[in-house]
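Each of the two complexes below includes subunit A, the first together with subunit B, the second together with subunit C.
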Partner chain A sequence: MTVHDFAAIAPLLILSAAPVAVMLVIAVRRSHAASFALSAGALAAALLCLPLAASCSPRQVTPLLVVDAYTLFFAALILLAGLSVLLLSHDYLRIHEERREEFYVLLLTACLGSVIVAASRHFASFFLGLEALSVSLYVLIAYLRINASCIEAGLKYLILAAFSSAIMLFGMALVYRHSGTLALAGLSPAEGAAEPALLAGAVLIVVGIGFKLAVVPFHMWAPDIYEGAPAPVAGFVAAVSKGSVFAFLLRWLLEPAAAGDGPLGAIFTGIAVLSMFAGNLLALFQDNVKRMLAYSSIAHMGYLLVAFLASGPRRVMACLFYLAAYFVTTLGAFGVITVLSDKERDADALEDYRGLFSRRPWIAGVFTAMLLSLAGIPLTAGFIGKFFMLAAGVASGRWLLAASLIVTSGIGLFYYLRVLAVLYMPAAPAVDVPVRPLGTLALAALVALLVGLGVYPGLLTDWIPAMAIR
Partner chain B sequence: MDYAFYIAAAAALAATLRAITASHAVHALLYFIVSLLAVAVIFLLLGAHFAAALEVIVYAGAIMVLFIFVVMMLNPGPRSVQRERHWLRPRIWAGPAVLAAVLAAELVYFAATGAGRSAGAGQVEPAEVGLALFGPYLLGVEMASVVLLAGLVGAYHLGWHLGRRPGGRETGEGEA
Partner chain C sequence: MILAWITFIPFAGGLAAWAAARRGARPARWISVAALAADLALLLWLGAAGRESGAETYAVVRLPWIPSLGVGFELAMDGLSFLLVLLTVFLGLAAVLASWTGIERETGFFHFNLLAALTGIIGVFVAADLFLFYFFWELMLVPMYFLIALWGHERRRYAAVKFFLFTQLGGLAMLAAILALFFLHGRMTGDYTFQLRQLVGTPLSPGEARLILAGFLAAFLVKLPAVPFHTWLPDAHTEAPTAGSVILAGLLLKTGAYGILRFAVPLCPEAAAEFAPAAMVIAVIGILYGAVLAFAQRDIKRLVAYTSVSHMGFVLLGIFAWNEIALQGALIQVLCHGVSTGALFILCGALQERTGTRDLERMGGLWNSAPRMGGMWLFFALAALGLPGMGNFVGEFLVLLGAWRASVPLTVLAALGLVVSTVYAVWMVQKTFFGLNASNWRIPDLGVRETTSLCALMAVILWIGLYPGPFLNTARDSLANLREAAHAVLEAQSAPAAGGDHDRP
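Then we have the complex of A and B:
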């Protein structure tokens, strides 16, 4: 490895040193503030190193990783998401848990795993990154050990993630049998569609990825886990874990022909349509906001597959923009739940939001913006994302997908507006929670991004065309 | 060559099935060890001697350590002696022993006749494994260490509570 290699992976190096440093600080002296500050500093430093890495990109670092504009885009997204989850978690942990410091170690390893997944160009590094992410998430989901539902959610995630990893490994073995290499380059499932073993391997990998993305029919775990997990962690699972796996999927099946046609294309189309309908229909009558967001995220993964299955120059642009919008929106929605949660339980019942506007107008405004973005109303990032996606789908003649997208968005509007209506009802006499300054700061930044991208999408779209994936 | 693979694979499948269906953890562990040994034999047949040795040392060895933990956590005394005797009746260890004997017979046969030598694409020496791991795949080794770090810290966090407060919920009022 040369100096340039080290410069290219500098953000990863900082992210790997950080959990060790936090762990050593914990060993010397347990201090919530110190662990928090160190973790936030490390994430910020990794972010600041991205320009340095960009100056060396595109660059293949060992057979495992590739650092190009695409990697850096996801690295920036993941690091910003990690930072906002960190800010949201600080006060949440302060009231919920007495041993808080390990949370930061695990959050950092989870971020590192996600960046590795997004940067990998080899099945080995993909799997290792995914395991680093999953192992951290098992514990993060079960972090509040007093709470039985947390432990249950952690256990469910453990079993399902291990199961899907096993399926994926078997798929990788079959692909390796055919191609003799685990590198992504020179591997195109479409060309080998006639080869049953390669196709079977690709399908098994898609099943494993489907579990991670929680798309129908691999979605059963998502609502339970989002409901049981601490609210900031649920946001992390919904945004970062899905986003990084999707980044890998897009890199793996970069050629639209590989994804959109043949047997794999049929499978993806089925998954997309089912996810859009099942996610939105199941969300309709949820009285638990976390479960509703879980079903909504299932539907959003279906929407994302519409862009993924499109062809033409707009495809990658639509995927990346929608993912960025989805990150901001999901983190914001779970962030609102986080800052409203009290010591006893998370604010996940619809009743907790009755009359929120008269009690906490700013938070209610933030939640309104997030819900409108999820529904795809103009002036929010979600609208622009959906617009790009629909344009990409229509341009490549995927009419079934485009029609499903429109119909299910209409269905989705109902349950988002249902929550919105509750927000603005007359106030119920409720015990209010104190203001959480750091969480509020994170929410403010997320709303600014949401509206910024919605009003002036050029902020992001000017960048994206430069991101040729290799 | 093929039949050797099928025997070992069948042993692995049978042992794994019993490991999953056995109702007692110790019995399941016995079968699990046999399953790992069978996979080690398959590695051996493929020419990956080093991987086979690691499989035995790391996995089977780790399960031995688990055994020691189980024994350590139970209070010693006449009752536990009785209990362990109950666990290890011949009916229990006969199955794993037979499977292990089949694998051993296969090994001895190959050691005696040298039939396994020419299999596959040749042997992978430990030196090659080391050169690959600390050459092109160095970052992979480091990534594996991150996975282990996360697992370690997580196990520490989850285990600490169980050790200190077996009661759980109602004693869970901390300084917060």
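Then we have the complex of A and C:
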């Protein structure tokens, strides 16, 4: 390893050192403020190191990791998401939990795992990163120990994640048996069709990834876990853990033919259509905002697969833009839930939002923006994202996917509008929670990004095409 | 840049009104009026300058927006767009004045939504880039949804959701059509762009053209509305607050007509020519069906809403007859229907504010206590039935004249609609202001504010009715251009086909 290698993985090094440092600080003296500041500083430092890493990229660092523009894009996305979850969690933890400091250690390790997943060019590093992410999440989801539903959610996630990891490992073993290497090599559909064991391996890996992405039919865990988990953690699960796994999926099946044609293509198409329909239809019946968002995120993963299955030069750009928009929107929506939650429970019932506009107009405005973005209405990033999805579907002539996208978007409007209407109803007498400055700051930044990307998507699209994936 | 100003001044005014609303409702209202008045002044100045220069387009804005996708921020205004934007700002002003006393809750947010919807509508009328057009098309929906859902009447939630779903689904189908056109054009020429002037004339196979036209019409026929897709309209118009109804009937429906005129037909003229007979049948069904249903209503706003279905049928008939006279008729009908229906909804709102009901059976004999209002009501009812001397008559007459050349039987049937409209219009007046005052109504007459804005609307109707020349002249060139563009494509497409025949042994 040379100096350049170290420079290229500097963000990862910072992210690895930070949890240890925070743990040491906790060992010396428990201080919420100190752990928070140290973690925020570490995330910011890792972000600031990205230009340094970019100056050395593209670079393969050991057979396991690759640092290219694609990796750096996701690293930036994950770190920014981590930072906003951190800001949202600060006040949330202050009112909820006595032992708050370890939360930050776990958040940092989860971010580390996610970045590794996005950077991996090797099944081994992918698996290591994924486990670092998952193990952190088991604990993060169950972090509020006095809350039974939290523990239940953590346990469920533990079992399902372990189960899906096992399936994925078996798939990797089958692929290894065929190719003799765990390094990521493009999987051509012809090869897959000729060699049943390889195809079986690939399908098992897809199943494992499907669990992480919570696409139908591997979606059952999502609503329960979003409902039970603390709101900021639910946002992290919805955005970061799905995003990084998708980053790996796209890198693995980079050739459009590998993803879109052959048996794998059929599987992905089925998953996409089912996710769009099931996600949107099931969301219709939810009175719990977190569950609604869970189903909505299932549908959004379905939308994302439309671009994933497309061919053409804009495929990668469409996926990346959509993911960025999805990150901002999801974190924003869960952020709103977070800042409205009180000590007893999270603000996840639809009734909690009745008349929010007259009580907290700014927060209601933020939530409106997020819901409109989820619904794909102009002036928001979600609109441009959905436009890209539909464009990708139409460009590659995938009419089934494009038609499903149109129909299910229409269905989706129902439940977003339902929440919107509740926000603006005459106010109900409700116990109001105090304003949370840090969380509000994060929300303000997210809304700015949302509208910025929605009005001038060039902010992102101008430099995405330059990102060659290795 | 002036075009961008005209488009976004209402939006900025809306934001300012929202911000000012914490000091009370009055500043919010005045800011809205000021913004729209400024917009109107700017627009009239542009119109005068544009006419002097004699150029085809009054103003153009071209800025890069998302170059990696071939999306530009491109606005253009010709005579047609100018008239429609003029109508938008004018009716917008009337709508703000009409909600002066009716809206008491969240006035700031109300005015923001009202003005944001106006920005969306203006944008639709001036966008010269299909992506931008779709952007504005969607942009006008959300504020409209809020206007209905928050300040509407009894069943507002239902009406708002229905409105939103209908238009949004139509809009998504249109988006798919736009994208298909974008990629087909890009593949053929290597130039991936959403610019309208580049996309017009894209050679399409008949199958492609039919699908693309279907996508566009899904959006436009819902918005217009044409008959099987009209069911959102009575609910939305009835449940919306007065200003919402004015904007819906006066402006939003017009975007559908404009879309067909500017986009659907010129982009796929061949498919449109194929579809024209069916469209004209739909139009005539709409004319008769709307008129008959209007007669059957007890709710006064619902009645006016159904007359819209009937009148927009004339517009559809005129557009698909696609000759000079019919198109001019359709345009005049669009303008006059906007003004007269807007006025009727303002009066409905005033009636409801004063009597607390919209039920025709409970009204009657109101003339004695409110003669000015009765006079206005009579005037606009007569305008709606198409009395000669009013603008609506000019529009309907020209449409029928033009449609006669396309299809005589359909024209005869459409003319029957005029008879039915007489029935409902007279009935509407008789039930409200004449007859027995069974409920002993004593209502205050129109105030200065209401009288002024209604007189302005009245003047426009009379102007168009007595001297439509300036309006027709303003739009003549743009309508001729649209027809030429369509004809050029038709000829270009028939030429290679004819050549192919010759090649055959």
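The working rule: the second predicted complex is superposed on the first by the 463 of 470 C-alpha atoms of A that agree within 3 Å, B and C clash if a C-alpha of one lies under 4 Å from a C-alpha of the other, contacts with A are read in each partner's own complex, and residues count from 1 in each chain.
As a working rule, a residue touches a chain if its C-beta (ideal position, glycine included) is under 8 Å from a C-beta of that chain, and two chains touch if they have at least 3 such contacts.
Everything quoted here is computed from the prediction, not taken from an experiment.
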item	value
Touched partner set for A:Y424, first subunit B, second subunit C, both or neither	second
Which superposed partner A:G171 touches (first subunit B, second subunit C, both, neither)	neither
First (subunit B), second (subunit C), both or neither touched by A:G385	neither
Partner contacting more residues of subunit A (subunit B vs subunit C)	B
Touched partner set for A:A395, first subunit B, second subunit C, both or neither	second
Touched partner set for A:Y456, first subunit B, second subunit C, both or neither	second
Subunit B versus subunit C as contact partner of A:F414, first or second or both or neither	second
Touching partner for A:I406 - first (subunit B), second (subunit C), both, neither	second
Which of subunit B and subunit C A:I377 touches, first, second, both or neither	second
Sites on subunit B touched by subunit A in the complex	136-140, 142-144, 146-147, 149-151, 153-158, 160-162, 168-169, 172, 174-176
Subunit C residues within the subunit A interface of the complex	65-69, 106, 109, 131, 135-136, 138-139, 141-142, 145-146, 149-150, 157, 160-161, 164-165, 168-169, 172-173, 175-176, 179-180, 182-183
Partner subunit C, residues of subunit A touching it in the complex	314, 317, 357-358, 372, 377-379, 383, 387, 390-391, 394-395, 402, 406, 409-410, 413-414, 417-418, 420-421, 424, 456-458, 461-462, 465
Touch list for subunit A against partner subunit B, complex	1, 9, 16, 19-20, 23, 61-65, 94-99, 102, 105-106, 109-110, 112-113, 116, 124-125, 128-129, 131-132, 135-136, 138-139, 142-143, 145-146, 148, 343
